[in-house]
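Okay, so chain A shows up in both of these, paired with chain B first and chain C after.
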Partner chain A sequence: MIHDFGIVWLHVDLLVSGLANTVILSVSAALSALLIGALVSTVLVRRAHVAGHIVRCLIDVARCTPFLLFAYLIYYGLPSLGVRFDNWGAGMVALIVYHSAYMAEILGAAWLALPRDTIEAGHAFGYSGLRLFRRIVMPPLALNAAPIIGNQIIQIVKDSAFLTIIALPELTNAASAIQSQYFVPFAAFITAMLLYWALCLVVEAGVSVLGRMADARR
Partner chain B sequence: MNRMHSPTKMDDSRAVLNIIGLSKSFGSLQVLDNVSFSVAAGETVCLLGPSGSGKSTLLRCINWLERPDRGRVLLNGEQVGVSNAGVVMSDRDLARMRMRIGMVFQHFALWPHLTVLQNVMEAPVHVQRRPKDAVREEAEALLRRVGMYEKRDAFPARLSGGQKQRIGIARALAMKPELLLFDEPTSALDPELVGEVLAVMRDLASEGMTMVVVTHEMNFAREAASRIAFMDRGGIVESAAPDVFFSAPATERARQFLQRYSAAADRSLASS
Partner chain C sequence: MSYSDVLSIFSGALTTLLLSLAGIALGLPIGLGMALIRWGRVPAVTRFVAVYVSLLRASPLVTLLLLLFYGLPDLGIEIGPISAGVLALTMNTSAFYCEIWRSALVAFPREQLEAARAVGMRRSMCFRRIVLPQIARTSLPALVNEMSQLIKVTPVLAIVGVVDITRAAVRIGADTYQPLPPFCVALAIYIPIIFALVSVQRWIERRQARLEASA
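So, the complex of A and B:
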């Protein structure tokens, strides 16, 4: 068994580049999904508006679709509509679009839960548009929603593993490659698992910093 | 409706605030019915009246937090909410007018993510774009003045209602407003905290700040107001100096209102 881990260690460069790709995928997907989710949530909170209903419906469809199926759809399905991505493009698009739906849902709910009167005070003091959002709405919203956003980012990290099926060389793909070549499945997968855990610890550390900031303000 | 017209003796061109023919309905409920009145520089006008009489709505129409259906609001001669061309202002232009009108809210509405000092500095720095160092000095002076300097680095959630409201006043003053609006500033406070807020407001009134105050604090209105505007059923029924209003109200509705109030005050005295 120790020997197996030795073999994995010999191919640590593969794992490191897999881990790096997972980080690249997760970080860019998380940032893009947050940004797009924030934009979409501005439509989502307009409950009475028809655009709000349409967006809510689309988000519901996204939430009820397994991510694996969604990735298949982007990579194998879209070419029949003439939209063709390489595996990186398809993986990135799948992660971003899918998780933007969740982020919009999270941010929209957090927005509606904000006390109205502080936003009204913003209007009264001469804030409007983007400045109102950036200075008055966003900061308390981010603090309140940080734990749920953190969970969603962990979900993004885990969903990126599905992209091994479209041959994206991320961490699960790397572990799988090592185990199939050297027949060390336990050691390879356990190592990958620990690396995913380490990634999640980083996310959780970030959330707990924001959580302490939020607590100081409650 | 019989309604006495407010005996505004001053020349309207000198008025800080001029409200002309303001009407507002929520659905089928008419909350304001053709209200006109003005406030001269340095005046403290207390809006009194039974709940539901339209006081808060009138106050909130002044800076267009509520959009009036009809009528005009003029701040130092410039119309709020409607451009010279007669169309509704863009959000940006409306915001530019709003920052000239300070507002103090019933439930404080401090920004929870900012410290006390940051709350006071926020809009002068980020809306009015004044230099940060100068604003900091002014903000610290204002906090000293309302007795909250020691708490400058605390977050609002850790403070009492009275402390929050004094910060709310400092935050409004930091904008150097031409007019200061108070929407029931002591209604959400525990009785023992009301005094500290009223003391700050009395100081402002005596220093000549132009203020419109919606309140149920009759003693404050009697002592600090330069004029009482009594509202009932969406209109200003009576407008008079406080000594006149409280000793010899001109209308039956004002008399009834004052009787109910003194009866309620007697009851609370008897029960305490």
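So, the complex of A and C:
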């Protein structure tokens, strides 16, 4: 067993590049999904509007769709409609579109939970536009939504592992490559799981630091 | 895509559903057991359970499934795709159930336990009659949510050769050179199932909020 881990250690460069790809995928997908989610949530919170209803329905459909099936649909299904991606493109699009729906939902809920009076008080003190958003709206919004957004980022990290099925060279794919070449399944996949664990602990630590920073500013 | 193709996706759906039910049925009590170990601070085991749950909650189901499917035979334990799938689903979902049960247990009022002890209830009876009915009610929405999460990750089982919805759809797509229709059928099966669970969860939440408001 120790010997197996020795073999995995010999190919640590493969695992590190897999880990790096997982991080690149997750970070860029998380940032894009947050941005798109924020834009979509501005439509979502307008409950009475028709657009709000349509967006609501689309988000519900996305939330009921298994991610793996969605990734398959984009990678294998869309080419027959003439839209063709390579595995990186398909993986990226799948992660971003899918998780934008969740981010929009999270941010929309946090926005609706915001007390109206602080915003009105901000108006009364002459804040408006971007300054109002940055100084008055943003801090409590980020504070309330941070833990849930952190969970969603962990979900993105975990969903990126599914992309191994479209041959994207991320962490699970690297572990599979090592295991299929040297037949050390236990060592290879345990190492991968420990690395995923480490990633999630980093995200959780980041969320708690952010929470403390926001608390200190209150 | 012919009629028999659609039928094969539906038979895959039955497999998916049965495996999910097995995962839920095994995961719920195991999760509860692990939560009780942590709640009761059973010496030595508590730390182990805490680390195990944290690790499993963080690792993707694909990685866990590959670990079990290729790793267990390497250790001399023969395992087929179906049993590897059920084992992976159970391990994964029981870790989440453990956290749900535990948060309900932590929030449980201590006075009720002391009152039960004062009237002479034994620990097991107190758990069955006082604790379990109440924590089951408070954690129900979260439990249903985790069930829909579980169904959402079942397509992963296809990669080790379980013929579920996804594998049936992939196979038909490869045979007919038209992957889009079978995937749409697969989605048309998945979405209503998960939506039904999500609706049940919302209904329970609304009902509980109403009961709380009237109390």
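Keep in mind that, in the parts below, the second predicted complex is superposed on the first by the 206 of 218 C-alpha atoms of A that agree within 3 Å, B and C clash if a C-alpha of one lies under 4 Å from a C-alpha of the other, contacts with A are read in each partner's own complex, and residues count from 1 in each chain.
Everything that follows uses one rule, which is that a residue touches a chain if its C-beta (ideal position, glycine included) is under 8 Å from a C-beta of that chain, and two chains touch if they have at least 3 such contacts.
Note that this is a predicted model, so its numbers are computed, not measured.
Asker: If you stack the two complexes on chain A, which partner ends up touching A:86: first (chain B), second (chain C), both, or neither?
Answerer: neither
Asker: When both complexes are superposed, which of chain B and chain C contacts more residues belonging to chain A?
Answerer: Of chain B and chain C, more residues of chain A lie in contact with C.
Asker: Pick one for A:189: touches chain B only (first), chain C only (second), both, or neither.
Answerer: The second partner, chain C, only.
Asker: On the A-aligned overlay, A:124 touches which partner chain: chain B = first, chain C = second, or both, or neither?
Answerer: The first partner, chain B, only.
Asker: Between chain B and chain C, whom does A:143 touch in the aligned arrangement: first, second, both, or neither?
Answerer: Touch status of A:143: first partner only.
Asker: Where on chain C is chain A touching in the complex?
Answerer: Contacts found on chain C: 54-55, 57-64, 66-67, 70-71, 74-75, 148, 151-156, 159, 166, 169-170, 173, 178-180, 183-184, 186-187, 190-192, 194-195, 198.
Asker: Flag every residue of chain A that touches chain C in the complex, lowest number first.
Answerer: Per the stated touch rule, the residues are 60-61, 63-69, 72-73, 76-78, 80-81, 154, 157-162, 164-165, 171-172, 175-176, 179, 183-186, 189-190, 192-194, 196-197, 199-201.
Asker: In their complex, what parts of chain A are in touch with chain B?
Answerer: For this pair, the touching residues of chain A are 115, 117-118, 120-129, 131, 135-136, 139-140, 143, 216-218.
Asker: State the interface residues of chain B toward chain A in the complex, per the touch definition above.
Answerer: 63, 65, 91-92, 94-96, 98-99, 101, 103, 105, 107, 109-114, 122-123, 126-128, 155, 157, 171, 175
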